[in-house]
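Next come two complexes built around chain A: one with chain B, the other with chain C.
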Partner chain A sequence: MSSEAINRSRAVDWSLRAYIVLAYAFVFAPIAASFVFSLNSDRFPSIPLGHFSLEWYRAVASDPLVWQGLGNTLVIGLIVGVVSTLLGFGAAYTDYRYNFFGKQVYLALALLPPTIPVIIMGLAMLAFLSRVDLSGRAISVIIAHVVICAPFAMAIIRLRLSQMDPALEPAAWNLGASEWATMRHVIVPFTKPAIFGALFITMAVSFDEFAIAWFVSGLNETLPVKVLGFLQGQVSPRINAIGTFVFVISMTLVILAQVLLSGRTGPTAADKE
Partner chain B sequence: MQRDTLVSFEGVIKRFGSFTAVQRMDFEIKKGEFLAIMGSSGCGKTTTLRMLAGLEAPSEGTIRLSGKPINHLPTWQRDTPMVWQSLALFPFLNVRENVEFALKMRGVGKAERQRRAEQWLDRMQILEFADRNIAQLSGGQRQRVALARSLVVEPEILLLDEPLSALDAALKVRMQSVLKNLQRETGITFVYVTHSQSEAFSMADRVVIMSRGVIEQIGTPQEIYGAPRTRFVADFLGSSNIFTGRVRAASPSAVEVDTPDGPLALAGGNLPAPPRQGDTATLTVLDTKTHLSVSRPTGQANVVPVRVIGEEFVGATATVYLETAKGQEIRVQKSHDELAGLPLDIGQELFVHWSPADSHLVAEA
Partner chain C sequence: MRPRLSIYGLTFSLPLLVWQLLFFVAPLAFLVALSFWTVKNFTMRPDFDAVNWITMYGKPVFWQAYATTFALAASASVLASVLAFPASYAIAFKLSDTARRWAVFLMVIPFFTSYLVRVYSWQIFLSDAGIVNVLLGYVGLGPYPMLNTVGATMVGYMTLSLPLVILLQLFSLVFIDRNLIEAAHNMRCGRVRTVFEVVIPSARVGLVIAALFCFILTFGDFVSPVYLGGGDPTTLSILITDTTKSGQQWPRAAVIALTMIGTLLAVAFFAVRFAYAGNAKGARK
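What follows is the complex of A and B.
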């Protein structure tokens, strides 16, 4: 254990631990509170708690608009994840494989979208999509989300490619694999953990994204947009129930991605034919 | 072109932008030989190998394999497998799958693939590791996987790019004999790029020495060691004493050169181009061909008075470092018995001498 290191005072050691606990508490306390109140019978979040109840989950589950929102969110998230990962892979491989004039500009532009304030992005998307007659539909949200998600996918896959021995690809060519065969038998298997990592992260980003979806979704509201609708009408513990549900899904995706990306060479058993 | 020529480089030049990595190169690789290409980093040896493998295209000239020009044949259509410096084993495949890779790319069926891969794994004595991951292997085992992976297609030629550089000294020597035996048994032409003189000279039938994109000398290890053709080669090998001076007299079979340390003579052998009187000339003598004595030997042509500046133990022999009055360093390598009777304290004055027949003239460039 690191606490047995010689030059470490016990006081520093314990205060560092306390710091970590506090930092996590700060981040997760609101989510935990939302979870607790989602199971509380009281109409308003207050202490002392009432009794245990699933009534808010029941209320949510019986609302067809929530189901519609969830359905939209899931379908959109899945499509956005796949499309963003494909685009991100292409962009990352282009960066890895080729040197060309203006490559720095290419990279900067490819990674730029997430740095644009979402309100501006949402407004711009709405203005543009309505002009080309694509606003207020599920496809609008997909397009807008791909724009912000693809750079994440590219960054993740690019990192993995940078860990690859530069001789690996020419070695495959040298052993008789054409460029396409090398892509299929070497590049994709090597980057597979990052490809799935990117897929889950981009799905999670799309799943949670509110502001842009609010601008462009029209009647095809995603779940986060729906939640805002609840908030505007009334303060209801149903929001806590939805929040808990969304949190669990997002966290699952992020944790899956994290597990895939932190494995050193990825799951080797899964690479067999 | 001779019948036993496998590869020929004809006026091959390789430029990267304004930098010329390989300058007009003409040489041939014979069928079944072990050829080493040696030089310091940046000399163009790896570029030469990569052109042969099809990973770089020559800017000018023609490379022929079995008589056919292959300049524009992509690497995946050539049978020129390469063993990489980093080995470049596929980390997501196990040992067996790595070895089967080239066969799979050629559309060989599963059963046949397995049979041939196992045959090579067995030959390289790594069959027991067939189902392991690459990360679980030692350096020497990985080396054998890389060899098996390249040789499984039973090519006519195998290219090796400093494959032993990552191994420790003892393993290096062991792998050298594995490689040499493998080459002898299979009869496959090996082209071995290295910066290490000991690797090149211990394994190769012929050695190509390169410097700044130019071939300095091609020959058997004995030829190159015994008679370096250029000053660069003599310097690079480090086993010759080198003197520079002005030609006083020259005939087709004998030359006399005035150096700062006195006149030195060279005799016998056939001079490629006898120098003219007054030219600057460089001559070399191997440190094993020089002799030491306490008193000035009589009737000898090449005698240089020197002072001892050091002595180095080199296993069976010792190297004595000496300096002339003009500051020229001379080395003498002798067995311990031969040195036993000589006083070798630092500063001791002695005489170095050698036969004019052991001197060689080298090109300055």
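What follows is the complex of A and C.
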């Protein structure tokens, strides 16, 4: 902060601050507009606003396909969250504890999938899964989503493990605890906030993923795939209602994760900044 | 020391390895095999024939789409980097710690909103009777057709990538040693010159990585070019969805996908090399 005492000009500072506001306005404009127009009566949303109306929520709520999509999304998201978190935990612990030949490759496999464009993953998954007779089902979406979600879980849990005193585990062994007992009574309790954080984040990622799901889901469409369908069909403010709804769910999960991750680890996390 | 290979250790390390080999490596490997299959009478047959590669690479449409996609993604990376930099710079150096933490938290929110919904929302802003044109109408301008243009595609690309680029730039900027900046100031180095000769070189790796991620995201995106750009000009991602979703031409789609992966790997390789080459020249440490 000391650098600011020298060579500063108010005008530049304020225009930079104004620029921050502008950048955030650009990022949040579509999110805010989606919320506002989900409560607006007009068929073709624009300004001036029509009157307040819940009709799009009603239209969405009375569409059985939307409910089916929501059901699929929730079930898939939950399973994806649990499986990704378990796999991610294992990988994070492996990276924390072990050194072995080929570890770089292991870590690449554990972390790379989210950087492959979803459209390519979607095509590869569709081609592969239909070959082994697993495409067009809910399980296909789960398989594909775990591939891209597990890396997030791993990163979150690995971060927490790196905050653990490395002497803690050997100490438990020296006191006679088996590896399994140490895992259960030392490591899992220590990483618990990160485990739940990872669970919620991976669920949120799965909720919003539409491209891969679109390729492999067949008739078991998830809600985001449904939205893609609405986009392809006639433009409809129903998208806003669904979007707002999904946003609220995702944000609840993210905030829960945030509270868990910063709750007990609060001081450590703050110190690191 | 305890043995390295134990049931205990494998219980934790194997599941992810098996899963990613089965469902990440295998599908990508299968994609390679698929690109050599042949399609006869609307059914695919295992084969080893370069016909798909020859057909696709012989099509001017393909190369046109390739050039378009590459140019769009490259411009998006430059644009996002330039637009993001003043914001990340200001967040890193002009905000208090509390405000900075809030700024980071807010920038994370977009990752958990549906990209589709945000793109639809931009349609509301940009359509002929949309918000922007109505506002322009109040001051006697327009209406300008904005939807289904390259500009609209760019808006979508920025929606997709700007939050990530700002965050990545920010993380590289906050780790700059502030003494360097102070030293530059003490030696009467002007504000702008400090940014270009101290700040940007120090944060170079992060800035290049941010641009690289923008390139990766936009190169493979099909939502903005379709729903904001109107599908014209055709990008590789549109070509893939069309080829896959209509009919049985998966082998050709595989050729496109593999070409994209190859391009991304090459771009990533050069970007990373470029990022670290700067460190040697800057002679830090």
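Rule of thumb we're sticking to: the second predicted complex is superposed on the first by the 244 of 273 C-alpha atoms of A that agree within 3 Å, B and C clash if a C-alpha of one lies under 4 Å from a C-alpha of the other, contacts with A are read in each partner's own complex, and residues count from 1 in each chain.
The working rule: contacts are C-beta pairs under 8 Å (C-beta built on N, C-alpha and C of every residue); 3 or more make two chains touch, one makes a residue touch a chain.
Quick caveat, the model's predicted, so the values are computed rather than measured.
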When chain B and chain C are modelled together on chain A, clash or fit: fit
Chain C versus chain B, contacts on chain A by residue: C
Which superposed partner A:A204 touches (first chain B, second chain C, both, neither): second
First, second, both or neither for A:P113, with chain B first and chain C second: second
Inter-centroid angle chain B-chain A-chain C after superposition on A [Cα, multiple of 10°]: 100
Partner chain(s) touched by A:L175 [first = chain B, second = chain C, both, neither]: first
Chain B versus chain C as contact partner of A:I242, first or second or both or neither: second
Partner chain(s) touched by A:A167 [first = chain B, second = chain C, both, neither]: first
Which of chain B and chain C A:A138 touches, first, second, both or neither: neither
First, second, both or neither for A:V186, with chain B first and chain C second: first
After superposition on chain A, the shortest CA separation from chain B to chain C (Å): 5
Residues of chain A at both interfaces, chain B in one complex, chain C in the other: 173, 179
Footprint of chain C on chain A - complex, ascending: 1-4, 6-7, 9, 12-13, 16-17, 19-20, 23-24, 26-31, 33-34, 37, 44-48, 86-91, 93-94, 97-98, 100, 106, 109-110, 112-113, 115-121, 123-129, 131, 143-144, 146-147, 150, 154, 173, 179-180, 183, 204, 208, 210-211, 215, 224, 227-228, 231, 235, 239-240, 242-243, 246-247, 250-251, 253-254, 258, 273
Contact set on chain A toward chain B in their complex: 165, 167-168, 170-179, 181, 185-186, 189-190, 192, 265-266, 268, 271-272
Residues of chain C defined as touching chain A within the complex: 2, 4, 6, 8-9, 11-17, 19-21, 23-28, 30-31, 34, 83-84, 86-87, 89-91, 93-95, 97, 101, 103, 105-110, 112-125, 127, 129-131, 134-135, 158-159, 162-163, 166, 178, 181-182, 185-186, 190-191, 194, 213, 216-217, 219-223, 227, 237, 240-241, 244, 250, 253-254, 257, 260-261, 264
Chain B to chain A touching residues, read off their complex: 53-55, 74-77, 80-82, 84-86, 88, 90-94, 97, 101-102, 104-106, 133, 135, 149-150, 153
